[in-house]
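Order of writing sets the labels: A, B, C and D. Residues in every chain begin at 1.
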Amino acid sequence: MVNTKVDLCGIQIDNPIIPASGTFGFGYEFAYNYDINMLGTFSFKGTTKDPRFGNPTPRIAETPSGMLNSVGLQNPGVDKVISEELPRLKSCFKKPVMANVSGFSVEDYAYTCEKLDAEEQIGWFEINVSCPNVHGGGLAFGTDPKNVAAVTKAVKKITNKPVIIKLSPNVTDITEIAKTCEAEGADGVSLINTLLGMRINPKTRKPILANTFGGLSGPAVFPVALRMIYQVYNAVNIPIIGMGGVSTAEDVIEMMLAGATAVEVGAANLVDPFACKNIIEDLPKVMEKYKINSLSEIIGGAHNG
Amino acid sequence: MVNTKVDLCGIQIDNPIIPASGTFGFGYEFAYNYDINMLGTFSFKGTTKDPRFGNPTPRIAETPSGMLNSVGLQNPGVDKVISEELPRLKSCFKKPVMANVSGFSVEDYAYTCEKLDAEEQIGWFEINVSCPNVHGGGLAFGTDPKNVAAVTKAVKKITNKPVIIKLSPNVTDITEIAKTCEAEGADGVSLINTLLGMRINPKTRKPILANTFGGLSGPAVFPVALRMIYQVYNAVNIPIIGMGGVSTAEDVIEMMLAGATAVEVGAANLVDPFACKNIIEDLPKVMEKYKINSLSEIIGGAHNG
Amino acid sequence: MMKQGIYEILFNFELAPNVFRMVLKGDTSALLSPGQFVNVKIDGLYLRRPISVCDYDKETITIIYKVVGVGTEKMSKMTAGDKLDLLVGLGNGFNAENDCKNPLVIGGGVGIPPLYGLCKELIKFGKKPTVILGFNTSSEMFYEEVFKLLGLDVYVTTVDGSYGTKGFVTDVMKNLDYDYFYTCGPMPMFKAIESIAKTSGQYSFEERMGCGFGACMGCSCKTKYGNKRICKDGPVLEREEIVW
Amino acid sequence: MMKQGIYEILFNFELAPNVFRMVLKGDTSALLSPGQFVNVKIDGLYLRRPISVCDYDKETITIIYKVVGVGTEKMSKMTAGDKLDLLVGLGNGFNAENDCKNPLVIGGGVGIPPLYGLCKELIKFGKKPTVILGFNTSSEMFYEEVFKLLGLDVYVTTVDGSYGTKGFVTDVMKNLDYDYFYTCGPMPMFKAIESIAKTSGQYSFEERMGCGFGACMGCSCKTKYGNKRICKDGPVLEREEIVW
């Protein structure tokens, strides 16, 4: 029997597979498709202080081996998440869940996290400082280490739960930001958020997305994600959640070898609602193929020799 | 009859299609496949002051809708380029060619450009400040605006030919670098060079590329390239050569609408040695489909309204 | 609930220029109402393509699609025996079970297909809908006869007057009696209908989708009763809730 | 020169576990010598896959490939009638036209296929090469009989001794007389051969390639006569120029 368990910031999870925020709602809708308790955990829809409709549509465009989205953090706001979404989740998910939080100021983040901190089912915070779709198409809040430091510090102050900072790949040096997180006490980092991209419709001669730019995800970005995880693994000593284009159990192995302790699966859920189930079921077979007894042993394995 | 001509920094080219440096050698080997005089021009293999073997092999890895390379500027050095490669090219290519130049210091760039400047066939300089494969896997020379400014200034001083600076996408804000180029007198910018990526072989548990990291190119990067071209078009008034995953005449239209005056085709040449020929032959048909009479009229067209 | 499966193509042929009819064999148990859609995985393309269901029975699904891009173009080249990976039973379809007596069914172009299944369902509930089909020109027409075979009154409009009433579906609609309406078609048609409609009704919307099953929030819209997802809460919305 | 074309698969079957033989029909005029290769475009994968040519005639090309990854796995599932986009006539093959009298041909595993075409070519030039084929074990063997049908002496070695001589190709090679050698196979075999070879010879190398036709410098190597591209100046290099 192979061992798929890993320790994520002090909480052991049955396997490292985590549906990424924004691709799995608040979980319960996927529970109609399969028993979501088979997941390591999942990161719920990015939650903000106030309700948000998000950006105008179209919000989705296709790209080679990937997709763009400019959803813009649509969510019902932290109060409704607590009063409506989490109770529904509780009925079908018995494990700790990862709370994904976004904001527009340090105070926003602290406010939202403080409210969520009281929710027992929340095991980890994933603090999204890198949404590419909410600052007028410009640079994400999280491309400036000073902002990231301030948010990390503020959130760490209000919770004892593990705090994982989700990093933007749209920077010159992601290791600088990761080191800032570690220095301010973050318990982990997750990367990569989406790469900023766009498409144009040659018929209308206009951008396809109403918001002009959107975040690129899917297999297209996998090699960039892998490189950044490898770099960050060299730069910090806190756990990394890897993500970016993971679609198969083989991808999971590759990302863990680069340095990921756990792996989020995003766009793949949208193309195949059973993607995470399939990956979890394939993992033992792929581990045997590569003679891996315990997944936790291969974390960062590509750095040896 | 549609008109495919565009003006690239004062030199009119028959069409905007330019094989990208590093995918077309010094041209003459492609002349066995088709008459390369049908091209707008092409950008020859990145040339340095001294001969370079480049990085150890493997230098190539596949990715979803793309590829990684870590060639590392293999070239015979500027003296042999002048004495051996350019004479061979002259016999099969009658148009001005674009000289792609790399270096490891400001002096390197100036030295190489000065030698090449005397070559009559060279119409433009494309100054590569963004090769991801030659600085120990770290940050390219061209991610620092100060370096880019110094190189631009130095090269502008020694030549009257148009100087186009080739920019790295591995930065937080590419418009900052583009503006620096413009301020220092660059006649154009070309973008994007490759995105830094990696792959790991799960069997050996080691990076596939001997150099660990390599540059990602191919359709996977097209949406990122398009976004950066769109941003740079808003930021500067000098022409942009767009590149990054262009494979079809439709892609060319999309990139020109984003703001490109001409378009380089890279990885597509490696998968299909007739890629540029096919694109040039398809262009008039695609122009008719989208009711475009003259390509030069659509440059930046997606910015209107 | 939604099901995923591999479906075999039984037929795939061109009904009208660039409009294809495809019949697929496989599990149809997830289909619950007309107006639902399937999401089609196509080799070499990342996102699935949502296509409305025209008709279905115990073991076949009929879809009618227009070639508008690289995805539908690839579909159009497939032949009997080829297999497709589908998500089936997506969306909230038309509600044919209401207390209207004299419903009007209005379709425009490639919005027409799901209305065929709707008419069959309305007939099942003892109603005899009147049908208006709008096209640009006679050469683009399809399915007029198929609707007539259901025993319904079918009006056709063409913008250029090459067949039926010259003009738009509203040019016929304004002269008809009805106590409810159902419609699917392009947005300009919706707006014209909205401006003259005298009763309640249901509109089936189209939007660029990510997942097609409510996970990604790619196709959200605002309604009078809160934000809805075209793919999951729609594509059919009631007239009363729509924010134009 | 290199040609691009669409080739029809005539046969594709498993010769030995995970080793397939595929015969393709189409223009072979670009093939000039044994040891050249084709570069195969596979749906859904970006880079072509270089596969050495085992044999060819006026209208067919035979390749033998081992399933080692997703590309060759996809190839293994294709059947007669399927079409493949190939670049044909790539690389600098074996030079069979030299003044040796008694050449030795040494192949290891999936390095064996191009040596079959080489043997036919050597025979054409009036030579009778001696052949050594090395495998890990008897169940992985292929083509021994096919070489024998050329009328040649064929020695087989297996690492586990389950067939022929137990050990490596060099265990046979060291006892044979020869005045030249040709070889294709894995790098450890090359190093073993290099350490005992008494004559000149030609080695056919393998490397991860980008383009396969000399454009990208993806597969460069250093030789005593300067940098060479495995795909264009190779894959066959002469012993004298190789830097180990």
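Heads up, the rule we're going with is that a residue touches a chain if its C-beta (ideal position, glycine included) is under 8 Å from a C-beta of that chain, and two chains touch if they have at least 3 such contacts.
Just so it is clear, the structure is predicted and the values come from calculations on it, not from any experiment.
*Asks:* Note the shortest touch-path length, in steps, from chain A to chain D.
*Replies:* 2
*Asks:* Using Cα averages as centroids, what's the distance between chain A and chain B in whole Å?
*Replies:* 34
*Asks:* Could you put a whole-Å number on the gap between the CA centroids of chain B and chain C?
*Replies:* Comparing mean C-alpha positions, chain C is 46 Å from chain B.
*Asks:* So the centre of each chain is just the mean of its C-alpha atoms; given that, what is the distance between chain A and chain C in Å?
*Replies:* Each chain's C-alpha centroid was found; their separation is 36 Å.
*Asks:* Where in chain B do residues touch two or more of the other chains?
*Replies:* Residues 61, 63-66, 218-219 of chain B each touch two or more of the other chains.
*Asks:* Listing for chain C: what residues touch at least two other chains?
*Replies:* none
*Asks:* Can you list every touching chain pair?
*Replies:* A-B, A-C, B-D, C-D
*Asks:* Okay, in this complex, where on chain C does chain D touch?
*Replies:* Listed in rising order, the residues are 43-44.
*Asks:* Touching residues of chain C toward chain A in the complex: what are they?
*Replies:* 1-2, 4, 41, 45-48, 87, 207-211, 213-222, 227
*Asks:* Taking the touch rule as given, give the residues of chain B at its contact with chain D in the complex, in rising order.
*Replies:* Residues 22-25, 29-30, 32-33, 45, 53-54, 57-67, 69, 71, 74, 208, 218-219, 267, 269-274 of chain B touch chain D in their complex.
*Asks:* Which stretch or stretches of chain B touch chain A in the complex?
*Replies:* 61, 63-66, 68, 139, 143, 170-173, 195-200, 202-203, 205-207, 212-213, 216, 218-224, 226-227, 230, 245, 250, 253-254, 257-258, 290, 298, 301-302, 304-305
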